[in-house]
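Read the structure below first, then the notes.
Chain naming follows the written order as A, B, C and D, and within any one chain the residues start at number 1.
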Amino acid sequence: MEQILQDIGKQFKITDIVKKRDNLNFITCEKEQTISLITYLRDIKGFSHFVLLSVVDWIEDGVFQLVYFLNNPDKKIDIGIRTMISRENATMTSAHHLWEQIATYQRELKEMYGIDFPGSPRVDESFILEGWDDIPPMRREFDTKKYSEENFFPREGRETNDPEEYMKKKLYPDEEK
Amino acid sequence: MVAPIYIITIPLGIAFLIGVLGKSNKNIGGMFMLIALACMSFVSAQWFISFMTSTQSPVYIYTAGFKPPFSINLLMGLNEAFFTLIINIATLLGAIYLYNNLKKQGTNAMSVFLGFAMALNVMVMTRDIFNLYVFLEIASVATAGLIILEQGLKSTSAGFKYMIATGIISSILLIGIIFAYNYSGTLNIDGLIEANIGILKGGAIAIFLILIAIVLELKPFPANGWALDVYQGADSGIGAMISAASASASLYVLYKLFAIAGESWYPVIAVLGIITFIASNLFGLKQTNSKRLLGYSSIGQIGLLITVLGLSPYLGDKFEFIAVTLLISHYLAKAILFWISGIVKAENIKNWSNLRKKPLLVALFGTAVFLLLGFPPFPSFFGKWELVMQLANSGQFAWMTAILVGSFFEGIYLFRWFGYTLKLDNKELPEYKMKLNKIIPPAIFGVAAYILGYYSGTFVDAAKGLDYIPLLFIAFIALINFLPAWVKNSISLTGVILYIAVIFPEFDGDLLRQIFAAIFLGGAVLALFAGFYSKGKRSGFHVVTLAMFAGLAMLLKADNLLEIFYAWELMTIGSYFLLIRGKKSMPHGYSYMMFSLGGSYALIFGFALAFVSFGNLDLQSLSGITIYPTLAYSLMLLGFMTKTASFGLHIWLPGAHGEAVVDIHFMASAILLKAGVFGIILVLLGMGTEASYAKYILYTLGWIGAISALIGNIAASFQESAKRLLAWSSIGQLGYIVFGLALMSHLGWMAGIFYTATHFLYKGVLFLTIGGIALKLGTPYMYRMGGLIKKMPFSFIAVLIAIITLSGIPPLVGFAGKWLFYNAIISQGLYFQGIVVLFSGIVAFLYLFRLIYSVFLGQLKDEHRNVKELPLCLLIPIYILIIAIMIISARPDFILKPIGNYLLAYFPSGALNWNGTMASTGLGYWDGYWVMIIVGVMFTLLFGWLLILNSKSKKVKQFNMVYAGEKPFRPETTHMSYNMFSGYNKALGFFMMPGVTGFWNWMSDILHDTANYFRRIYSGNGQSYAIHIIAYIIIIYLIVF
Amino acid sequence: MAIEEQNKKNKFIDPDLEKREILSPDGEIIKIDPMKDYFCDAKPKVHEPANKVIEKFLNWSRANSLWVLAFGTGCGSIEIPSLMTSRFDANRFGVQMRPTPRQSSVFIISGYLAVKTLKRVIRSYEQMQEPRYVVALGSCTVNGGMYYDSYNTINRLDYYIPVDVYVAGCMPRPEAMLAGFNKLKERIKAGRAEGANEYAEKFDWYKANQKKIIKDWNMPDYNW
Amino acid sequence: MDNIAIKLLFTLLGLFIVLNWGLIQAGIMNKIVARVGKRIGMPVYQPYFNLIKLYSKRTSITHGVMFYLGPLFRLSGGVGMFLFMPLIFGSEYWSNFSFAGDVVLILYFQFFGMLGMALGAGEGGHPYSAIGVSRGLSQWTTIELPLTLAIISIAIQYHSLSFTDIVAAQQGGITHWTMWTNPLATAAGMLAFLGTMGHSPFDLVKAPNEIPIGPPTEYHSTFLGVLRTNAAILHVVESVLFMNLFFGGATSWFELILKTFLIYFWSVFVGVVFPRFRIEQSVSWFLKVPLILGILAIIFI
């Protein structure tokens, strides 16, 4: 693992290495180098299995953090490649040519976060949400409660309670502190 | 009377005259040449006519006033008159054909041509063997000159090889003559005959050398490589001359010299001939060059004629008829073919498809092909028939087989070629023009073929009863081919109806023939009526249709075996042309013809055995064949089963029928196949069940029927094309019929005949509707149809009734067949075949459901939203058939009772008992009338009930259905039709392995590979050809002595 | 057409429902409007109950023959199999599962309902034959339950299809469902389960609510 | 004609009895199946509720004429089989209209309903209908094979295809039944019977979960009611067919009810025990054991 990280460091600009477990590391690299890093890992270092592609919305920093999660089945090690892309006009190079299934992840990200992957197959088609016309719902600036109230006819008289408080009150009404 | 010597002097004189005229007067020279040839033809024609019409005695012409042996004498007898006539006519027409070529080459070429003609005449007429040699040489030289007329490497080398070969041959001939003179002291043929030199020791060698030389002149296999190059290299016009005129002359020479040789040489010659016949036809299989192919065919035909000469002792008084008809056929056909090949200028036979642009040429080509292969109404048909009959009469079955096999090989390549011509899609075709002088000669020969065909028919006793009126009517239709289709259709329809009125009373009292006449001719009326749908000219369609129906009608009328065979072959021709009309039907039409041809030869073999056993050709001769009866009956059944497309012989049918358009499909399937059934009935009636062999034949036949039924039905279930589905279904249905007949019991035959009739009805409906729909929608594939019930309700009802009938569901009449089968099987004890048949009957549900569902139900496609109901001209015949089905369904006794009564004559036991409308056997009972009433009443009552309960149903559109919470996307993706019975395919798909097709392909590959392997002896090298000739002589010598 | 404009605006184009031109075998060009040609566009009608006495008898039999559409919309569908097992045995109340809406009379909305599922629910509901009943399970169908603030889960089912019986809980146990069925039976027998007619009466209101959240409305207004 | 009128009345009565017996039988079988699974199960009279409910649906839709007529064909098939089937041996009036035809008629009249149903389902336009029909037909072809063999074997044995004769020959105690005298044919026939009933393991045709209900997937309301009515009649009539062929027929209604119950129970019994076959498996299966039994039945008759 260390060896691999060293090798990567020789060729790519790695900013941050987080060691979670012996066999799981997260590394952060630049947006431009990401795809070539993944290709390198896949072809040279034996990370032949693509696990998932995920994203974290750092609205405070104004960035999306993409995480490509790869697995090396021979050595039984995992690696997560993090890369930051701007929230404004979020686009990322598509990686569907490496693993076909990435296209599906990218389609989901496009729908849920509005991150564009030009050239990825069917990336513009709706994936889970049919007919969504608002801002992508998983972006943190999207106010889901407001949306729900506007669209879904909330039933009047609905109360929301903290379960712990509520149960306490109900079961032990005398015990007040 | 003009003296025969003028045949020689006129060309000689004119040839010199032309030479004198010089190069400047080519036109006059040409005129003179034509006039000379015309005069020669006139002289020989005059003599021929006088020989034929009066008791003219042969005339000897003595040169120089002395009698032989001191001078050369010529003979003008009937034979000579005939041969000079055909030679002169051929040369005259050939000169017309070659006029421009000859003119281009100048007057010398004309002189050579005249010399060529004269030499051939003298070869025929001379009675002096040395004179014969001289003129043979002259002819050779002239021929070589003519060959190199067309300047080019090929023709020059061909001419050279020709010279080498003829040089060797001449020298051998000369040596032979010297020997002969040595032993007999005379050169006169009559003198040689008298001397009977064959009995002398060295005389045999003389005869051997002379005969072998003449035989070599006739290009026997394998010493004929040079000849092939000649045919290929020479101009087509010259090829025609060599093949038609020279060969005729040489043949006559051989015949003349035979008299010297004596009886003992006949078998040798016959063997040489048959080897040539079979081998060159075999080698023709791989040939693609048209002229070379014609060369093979020519050589083969001449081999056949040599064989006939050699076999003349067996042929008795029919020898001359056989020889002349075969010769004439070869002569006409080869001349036509060579001439046509000169017009189209297509070397490769695949390029002959540009012949299609000129219907006249196609007609001529077809005439020539069928003429060569001995189809009616041509002379060769009668010639071949008599040949086979006489050979059989003399017990020469091996010869018969060999000749038939050789003919079959010839058929293979001729029909492939013809198929290419008719159907091959070939884009880059050379342009060509039809000049009048090139088209007249083949046209004349074409017409002559038909006239002579009629004329030669009058010489055959058995053919006296043939009815030529339908053929005349067909000829008339052929003449008005340029009219639009509806006019021809109306005329044909009128003709057929009139013919029915004439012919039907003839079958009075013969129920079998009445039923078949109703199917054939009633079918003809319906088919022609349906034909009104077509626009345009439909060039040639009516001729071949009527030919097929004429054949069918004649089949019923036939009183003897020849007439049956005549009708059979006529029908084959008609149906071949009908089937090959489809878009992609070239391979299928071809395989149809191959099976038909093979079937015909099997038939003729069987007929010959029947003829020999019985002594005459009456239909009774089919009963009680004593010579090889198993073989005879098997062959006849095999021959007829090629039309019923029974298992093993069925591979032509799906493709051929699948490609045919609606009315042709109807004719080919619902009607044509029944001809085979009729034939099988005739054979089985003759065979009976008593004989020991009958049991085995019937057993086999029963299994064949059962397996056909099974294979046909299972295969039908896996088809995607509706038309192929119906075609396979026909195989299955015919399998039932064959099986029913093979039961050889009252019930079995009743079922068989009943099926024959009802199959015509319901399949007719299916073919017309499905065919009409396929035509309307432009596709036969079921997965591209669907939902048409809303657009074509009448068609749907028709198909529904037809499939209920076909599947044998009560109350419609199909059930009667199933019921009879059950009873017949159980009472006859053929359980396992019977089970297979019944199983396949149930399998029929698969394809029937698929047919009606995929076409009419399910999802209507976008592009079919505006289609209309079928045209009336199709609906009317369909509904006539439907009405017939309903009548028979309500009262099945209307048809079953007469059949039963008829069959009592043949199968007295096991008949149905009729109690009113109830039929019963020893086993079960069934009352079609009551079933119909009960079902009808019940259905009406329940319908009323449903209407009351469910009056407020909301009509919705085609996508308003439960689609798992989704909506259907498109009709195409919602219509479940492709590979419909996939589960069944997984379980029973192995039945569909193309085993039979594979077998026949394997056979064909073996044949072609053999041909290809042995063909390599023709290296194209003149020296090796010379060696071939010499080796041939030596080998023959060693074998003979 | 309104749906079409809306779809265009939102760029939710369903290629299968676009108008298209097809060449027929005769060479004629056919214009196809799938929405009109392939779907029936009639609206539902109110079907008045028959004569009171007869209706009572019919309702009795309807109540005793509840054919449930096997369509699990949410997490509650996992309770349905256990409902049929020997422990709870809904069969004895005449409750049977049917795989197709055409043959079912009861629709169980089993829990939360995403907008995407709602579209299918509406289709299936409209394809059921009248009279038809809806049993809604779980608090999600009552007021959104724990998903009350989700961007794609509805809050109130009765705004979209008429509901006969709510079975509250998260999740209600099978016993509760059985109680719900018995409640439904009572309702049917009393002749109060006329949801289908209500739907037809207030059809426009229901449709407006449905279309408000189903943006790519690619189906006819009423799915026959 | 009086004869016919009385016959008609008796036939209608018989139809009524058979229909009710069919419904009750279905209820009893449901109950039995439920008890096998340790459930209480539906009430015995549940089929009546279902039927009334289906007939009293307020709406129905139709996809076209053939769709409308499909159930009618199906019901006609069932009723027709009933009409041509003699119920009680020795009774002229309970022999229905069996004078119109013999075993073969019944055998082929089965297809009347099947074909109509298949066509009606086809016009529904639903691909699942077509899949169901294609499976059903595929399976039927092979079901019929052992059945045909068995019938032929019986026909050879009794020299008759007539029900009356076949039943008459079996009178006089259990040892005269075909079951006893021709066990191979009975075995083949009863295996075919499993297929005709469409219970597991041969219920892929109606495979309720993958191709909902198979052919009648689009049928509902009254149409489905008609189909259910037919099913009730048909199940009894099929059982009567096998009873007449193999189990000595019936001389009284009680005997008929008892025997048909047991015969029908056989298919339910097997269905409860065995899981479902795929279509090619069931096709191959029928071409193995039952076919061989049928062939042996003919050889050893």
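Throughout what follows, contacts are C-beta pairs under 8 Å (C-beta built on N, C-alpha and C of every residue); 3 or more make two chains touch, one makes a residue touch a chain.
Please read all numbers here as calculations on a predicted model, not as lab measurements.
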Quiz item: Which chain's mean C-alpha position is nearest the mean C-alpha position of the whole protein set?
Solution: B
Exercise. Could you work out which chain's C-alpha centre is the most distant one from the centre of chain D?
Key: A
Self-check item: Inter-centroid spacing, chain C versus chain B (mean Cα positions, whole Å)
Solution: 70
Quiz item: Could you state the distance in Å from the CA-based centre of chain A to that of chain B?
Solution: 78
Exercise. Please work out the Cα centroid separation of chain A and chain C, and write it as a whole number of Å.
Key: 35
Quiz item: Using mean CA coordinates as chain centres, what's the chain B-chain D distance in Å?
Solution: 54
Exercise. Could you check chain B for residues that touch two or more other chains and list them?
Key: 954-956, 958-960, 962
Practice problem: Specify, in ascending order, the residues of chain D that touch 2 or more different other chains. | Solution: 59-61, 212, 217-218, 221
Quiz item: Do you know which chain A residues sit against two or more other chains?
Solution: none
Quiz item: Which residues of chain D touch chain C in the complex?
Solution: 34, 37-43, 46, 48-50, 52-53, 56-61, 208-209, 212-213, 217-221, 224
Quiz item: Across the complex, what residues on chain B touch chain C?
Solution: 776-779, 862-867, 954-960, 962, 965-971
Self-check item: chain C-facing residues of chain A, complex
Solution: 126, 128-133, 137, 142, 144-145, 147-149, 151-155, 158, 160
Quiz item: What does chain C use to touch chain B in their complex?
Solution: 16, 20, 22-26, 28, 30, 32, 34, 37-40, 42, 71, 100-102, 119-121, 123-124, 127, 218-219, 223-224
Practice problem: Please name which positions on chain D make contact with chain B in the complex. | Solution: 55, 59-66, 68-69, 71-72, 75-76, 79-80, 83-84, 97, 99-105, 108-109, 111-112, 114-115, 118-119, 122-128, 130-131, 133-135, 137-138, 140-141, 144-145, 148-149, 152, 155-156, 159-162, 212, 217-218, 221-223, 225-226, 278-281, 283-284, 287, 295, 298
